[in-house]
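Presented sequentially are two complexes of chain A, the first with chain B as partner and the second with chain C.
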Partner chain A sequence: MLVQQLANGIAVGSVYALISLGLTMVYGILRILHIAHAGIYALGAYTGWFAFRLVGEFWLSLFIGMAGSALAGYLIERFLYSPLLHLPRIAPLIVSIGLFTAMEETFRIVAGPHTLTYNAKIGIGDLSLGNFKLTETQLLILIVTFLILIILWVILSRTRTGLAMRACAMDAETASSFGVNVKAIVAINFLIGSAMAGAAGVLIGVYDNQVWPTMGSIPAYKALAIVVLGGLGNIPGTVLASFVVGMAETFFIGILAIPFPRDAVAFVAMILVLMFRPYGLLGKG
Partner chain B sequence: MVSGYLITILITITIYAMLAHSLNIITGRAGQISLGHSAFFGIGAYTSALFYTGAGLSFWLSVPLGTIISGIVGALLGIPCLRVRDDFLAITTMGIVFVVEAVFLYIPFFGGAMGVGGIDPPKWFGREMSKPEYFILLLIVLILLLFFDRRLERSWIGLAWSSIREDEMAAGTMGVDIVRFKVIAFILGSAIAGLAGGFYAHFLTFIMPQNFGFGQSIVILCMVVFGGIGTRWGPILGAIILGILPEISRPIMEYRTFLYGLLLVAMMRFQPGGLLGEESLLVKFFNSVGSSVRGKRIIKNASRS
Partner chain C sequence: MGKNFGIGAFVLGLSIFLATGMVFSQETIKIGFFAPITGPAAADGTSAKNAVELGLKEVNETGGIRGKKVELIIYDDRLNPQEAVAIANKLIEKDKVIGVVSGSYSGPTRVTAPIFQKAQIPMVVGYAVHPDVTWDPKEKKPNDFIFRNGFLGEVEGAAAAEFAVKNLKAKRISIIFMDNDFGRAISSGFAERAEKLGATILTRQMYKFPGEKDFRPYLTRIKEGNPDLIFAAGYYNEAASIVRQAKELGITAQIMGEEGFDSPKFLEIAGPAAEGVIIATNLDRDDPRPLVQNFLKNYRKTYNEDADMVGASSYDAFMILVEAIRKAGTDPKAIQKALLETKDYNGLTGKISRFIQGEVVKPVQIQIVKEGKFRRLGVVDNIEVITPPPKK
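For the complex of A and B:
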C-alpha cells in the first residue's frame, strides 16, 4: 500500500516536473510568469491525440505532440512576449493570462467541450514485482520523464548551448557582451520548455485516458506554486519541488484522507516554505 | 422607472468599480501585483453574511465589521507576502485565493459547497431598501472612496507609494519605510475589497465559495489594467466596460470568453497603459479634439479684436 502510493507519487511528480521545468526556464531567462505554458501543455495533449488518430502509433504521436507544443511556444515568444519585454512585468503576465483563456476556448470550440479518450497502445506492458505493481502508463511516465531529464541535463551541462543558456539565466546582458546570441538562446529555451510541457500533456492524456479543454487550468497555477517552491528559475530546485508536491498530494490525500482539496496542497506547501525560506527550497538570494 | 434588469447591472458594475478601485490602490498606487484580490472580496462577503445570519447584527453593522476583518486578514497575510521578491508576490497572493476558497469550501462553519444563504437586503426607516435606493447608496460610497483616494494621493502616504512604485531601492535609500507603506496599501485595498464583498453578499442574498475564485481575481485585475493602472478613473471605466460587455455580447455567447482573452492580449500588445493611462489613444484623441476646438476659438477671438 505504502509502496504503491510511493509509485503514484513519483508518477504524478514526474509530470509536474516536466511542466514546471519549462516554466522555470522561461522565468530564469525572461523573468516572465508564463501562465500560457499550461495552454501549451494542453495543446501538446490535443496535438498528440490528433496525431494518434491519424497515424495510430503512440511514440510518433508523442513526438508530434512535443513538436506542436514547441512550435507554439516559439511563436508565442516571438510575436507576443518579445515586443513587451521593455514594459512593466504585469504586461506580459496579463498577455499570458489572456492567451491562456483564448487557448482553452479554442480547444473547446475546435475539438468540442467533451473529453476525448486517448486510448493508445504503448506496448511496454505492466511491471509487477510481487505485491508491487506499476501500470503500463505509470511505467511510461517514469521512462519518458527519466529520458527527458537526462537529455536536458546533458544539454545544460555538457554542450556550449547549455553553457550559454545557463549564462543567460544568470545575467543576459553580461552573456550578450561575451558574444552569446541572447535572442537565439531565448528561442531555444522556449522550444525545449514547450516540448517538455507537450510531452507532459500527452503523458497525462494516456495516463488518465482523456483529453479535455480545461485540462491546463489546474496545472497552470500548480506549476507556478511548484516553481516558486523550488526557487524561481532554479532547475534542480524545481525537480525536487515537483516530487515533493507529487508525494505530499498522494500521501496527505491518499493515505491520511484529510478532507482538503488536493490542488491546494501545493499552495499550502509553498506558503509554509516561503515563511522560512523566502527564496524557495533551493533558491539563493 | 428603471427596469429591474438595468438596476441589477448598475449595482453589479458599482460593486466591480469598488473592487477595481481597491486593487488599484495595491497595484496602481503602491505598484504591488496582487492576484489574490477575490480572496479579500470573499472574506468581506462571508464575514458580513455570517455576522448577519449567525450573530443577527444588522446590515449597517455587519458590513463595516466585514470591512475591518478583511483589512486585518489583509495585514496578517500581507506582512509575510511582502517580504518575498516581487514575482513571488504574484504567486503567493494567487495561493491565498486557493487556500481561502478551500477554507470556505471544506469547513462546515462557512457552509461548505452550499454557501451561506438567507442574507436579506438592508433595511432603513423600518422597511426594506429598494434596489434603486441600494444603487444610490453604493454610488455614494464609491464617490466617497474616490474622493478619499484623491486626498490620499496628495498625502505623504501617496507620495511614499509613488516613490516605492517608481524605484523601490531609491525610496529605501531616501528613508521611506518600504514594508510599512506596502502593508498600508495592502490593508486599505483588502478592507475596501471586503466592503465591496459585504455589499455584494447583501445584494445577492446568497453566496458560494465559487463566487470568489481565481477567475474573479483575474476579472478584477483585467478591469484595472484595461482602464489604466494607477489612474483614478481608469479602473472605474474598466469596470463599466467589462461589466457591460457580457450583457451586450449575449448573441455571441459561444465565443465570448475566447474574444475576452484575445481582447486582453490585444490591449496589452497595442495599448499597454490602458484606456486612460500613459500614451492612451483615447486621451490623445480627446486632447486633439479639445485643442483644435480651443485653437478655432482663439483664432475667432483674434479676428474679432
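For the complex of A and C:
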C-alpha cells in the first residue's frame, strides 16, 4: 500500500509542480503575485477539452491546450501587467484577482455550469508490478511532467535565453544594462510558465475526467502556498515543495487516516516554513 | 366630443381589461416554487423545474383544480440561502401564494422553512434532506406546515444497509462519505443498521465537499482492507470520480451509493465504470404503474433527456400539494390539514403511507446501473427501516 500511495502522491505533486512553476517564475522576474495563473490553468483544460472534441487525439489536444494557455499568458502580460508595472505591486495584484474571477465566470457562461468529461484515449496503458499499479493517467502525468521539467532545466541552464532569464530574475536592471532584452525575457517567462499551467489543466482534466468552471479556485491559493514553501522565485525549491505537499496530502489521508482537510496541508506546511525557514525549503538566508 | 368618446372608450376598455385581469388572477391558484436553476447545482435545479412544469401542464390540461387554473411562480435561488430568504418573503407578501414547492437543496430550503412556518403557508419539499427542514431546533417541535417527500439521510442510509447486508450478503464494508449534513447523516444511518445486522465496518473515511477530486489515497486504503462492499456517499461529480478511480486501482468490491448518484451526469462522467453500481434512491424507473411510465416518457419527449430522482421527487412534491388543494380548497390551513391526513397516496416515487412529523413514510428504491441506465434491483419496505426516527 505504501508504494501505491507513493504513486498517488507523486502524481498529485507533479501537477502541483507544473502549476506552481509558472507562478514562481513570474514572481521571480516581475515580483507580481499572478493569481490569474490559476485561470490560465483552467483555460488550458478547457482549450484542451475543446481541441479534443474537435480532433479526437489526446496528444494534439495537450499541445493545443498548452499553446492556448501560453498565448493567454502572453496577452495578460502584454496588455494587463506591463502597463501597470510603474505602479505599486498591489495594482497588478488587484487586476490579477479580478481577471481570475472574470475568467471563471467566462468559462461558466461559454461552456456552461456543468462538468465536462475529458474522456481521452491515451494509449500507453497501465503499468503493473505485482500488487503495485501505476494507472494510465498517473503514468501520463509522470511522463509529461518529467519531460517538461527536463526541458525547463535544459533551457534555464544550457541556453543563452535561460541565462538571460536567470539574470533578469536576479536583477532586471543590471541585466538590461548588459544588453539583455528584458521585455522579451519577461514574455518568454510568461509563455513557458503559462504553457506548463495549461499542461497541468489538461492532465487534471484527464486524470479526473472532469473539466469545470471553478477548477482553478483551489489551485489558485494552494499554488501560492507551495511557491512560498519553495521560497518565492526559487525554481528547484518550488518543485521540491510541490512534491512535499502532494505526498503529505496523500499520506495524511491514505495512511494516517486522520480526517485532516487535504487543502489545509499546504498551508500548515507554509506556516511552519515561514516560522522556521522564512526563505523557503531550499532558500538561503 | 368624438375625441372625448375615444378617450372614454379607451378608459372603459382599460378598466374592463384590468377588471378581467383581476378576476382572472383571483381565478388562478398560485403555487410558489424555487430551485437552483443557475449556479453550481444548475443541473438539479433545472431538472426539478422541468419536472414540476410538466406536472403543472398535466394539471391545467385536465381542468385545473376545482375548475381553476394553477399558476406556478418560479424563482431561482442559485443555491444561495440569502437569495432563498428573499424569495420566501416575496412569495408570501407579493405573490400571495397558498402553497410552496421546494425543488432545492437543504441550504436554501432550510432557511425558508421557518418563514413559511411562521406565515402558516404549507410547503412540500422535493428532495432536500436536512432534518431541520421539518423541525424547529430552537423550539424543539416540528415545523408542522412543512412536509418532505424525500427521505431523511438516516432512513435512506439504513435502507441501503438493509439491502447490502440482507440481499447482497455484504459482511466486510468500507464507508467513504462527503463532509456535509447529508453525507454524515446517510453514512451514520448506514453504519448503524449494517452493524446491527452483523456486518463489520472496516474503514470510515470522510472527504471534503466541495473540493475533493482525487480519491485514490482513500481508495488505496480501502483496497488494503479488501471489503466486499464500499458504501459511498456523495453527489454525482464526486460519485463518478470515486467509481472511476476505484476501477482504475483494480478494486473489485461492489460499490453502493445513494440518491446523490441518481443523475444522468453520474452515468456520463463515470462511463463504463458505472456498470453494476447499486444505489438507494427515490425513483424506480421500472415501476410498471402508468403514472411512472407516462412521466418518464413525457419527460423524455419534452426535454430530450431522461428524468432523474430530483425531478421525480419535485414532481411528486408538487402533485402532493395539488392533491391537498383539491381536497381542502384554497385556505392554507385547510391545505395543511389535508397534508397531515395524507394516507396511501399513490406517488410517482412510490406509495406514501403517511407523513410523520412532516417526514414521508414510503419504500426506498434500490437501482443498479445496467448498460448505462438505472434499472430496478429491489425495494426496501421493511417498516422498521423506512419509518423515520422520532426527532427530539
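As a working rule, the second predicted complex is superposed on the first by the 284 of 285 C-alpha atoms of A that agree within 3 Å, B and C clash if a C-alpha of one lies under 4 Å from a C-alpha of the other, contacts with A are read in each partner's own complex, and residues count from 1 in each chain.
In this section, a residue touches a chain if its C-beta (ideal position, glycine included) is under 8 Å from a C-beta of that chain, and two chains touch if they have at least 3 such contacts.
Here the structure is a predicted model, which means the values were calculated and not measured.
With the two structures aligned on chain A, chain B fits next to chain C without clashing.
In the superposed model, A:255 makes contact with chain C only, not with chain B. By the touch criterion defined above, A:109 reaches chain B but does not reach chain C. When the two complexes are overlaid on their common chain A, residue A:117 makes contact with chain C while staying clear of chain B.
When both complexes are overlaid on chain A, the residue A:4 reaches chain C alone and has no touch with chain B.
Legend: residue contacts after superposition of the two complexes on their common chain; A:228 is shown touching chain B, with no touch to chain C. In the overlay built on the shared chain, the residue A:147 is in contact with neither chain B nor chain C. Look at A:208: by the touch rule set out above, it reaches chain C but stays clear of chain B. After overlaying the two complexes on the shared chain, residue contacts for A:135 are found with chain C alone; chain B is out of touch.
Between the C-alpha centres of chain B and chain C, as viewed from that of chain A, the superposed structures give an angle of 70°, to the nearest 10. By the document's definition of touching, neither partner reaches A:55: not chain B, not chain C.
Our summary of the superposed model lists a minimum C-alpha distance of 7 Å between chain B and chain C. Counting contacts as defined above, chain A residues 259, 261, 263 meet chain B in one complex and chain C in the other. If you check the complex, the residues on chain A that touch chain B are 27, 31, 33, 80, 83-84, 87, 89-95, 97-106, 109, 221, 224-225, 227-228, 232, 259-261, 263-264, 267-268, 270-271, 274-275, 278-279.
Contact residues of chain B toward chain A in the complex are 27, 33, 80, 83-88, 90-92, 94-96, 98-99, 101-102, 105-106, 214, 218, 221-222, 225, 229, 254-255, 257-258, 260-265, 267-269, 272. Interface residues of chain C facing chain A in the complex, by the touch rule stated above, are 38-40, 42-43, 179, 203, 205-208, 211-214, 216-218, 220-221, 223-224, 237, 240-241, 244, 248-250, 265, 268-269, 271.
Those residues of chain A lying in contact with chain C across their complex are 1, 4-5, 8-9, 11-12, 113-115, 117, 119, 126, 133, 135-137, 204, 207-210, 212, 214, 218, 249-251, 253-255, 257, 259, 261-263.
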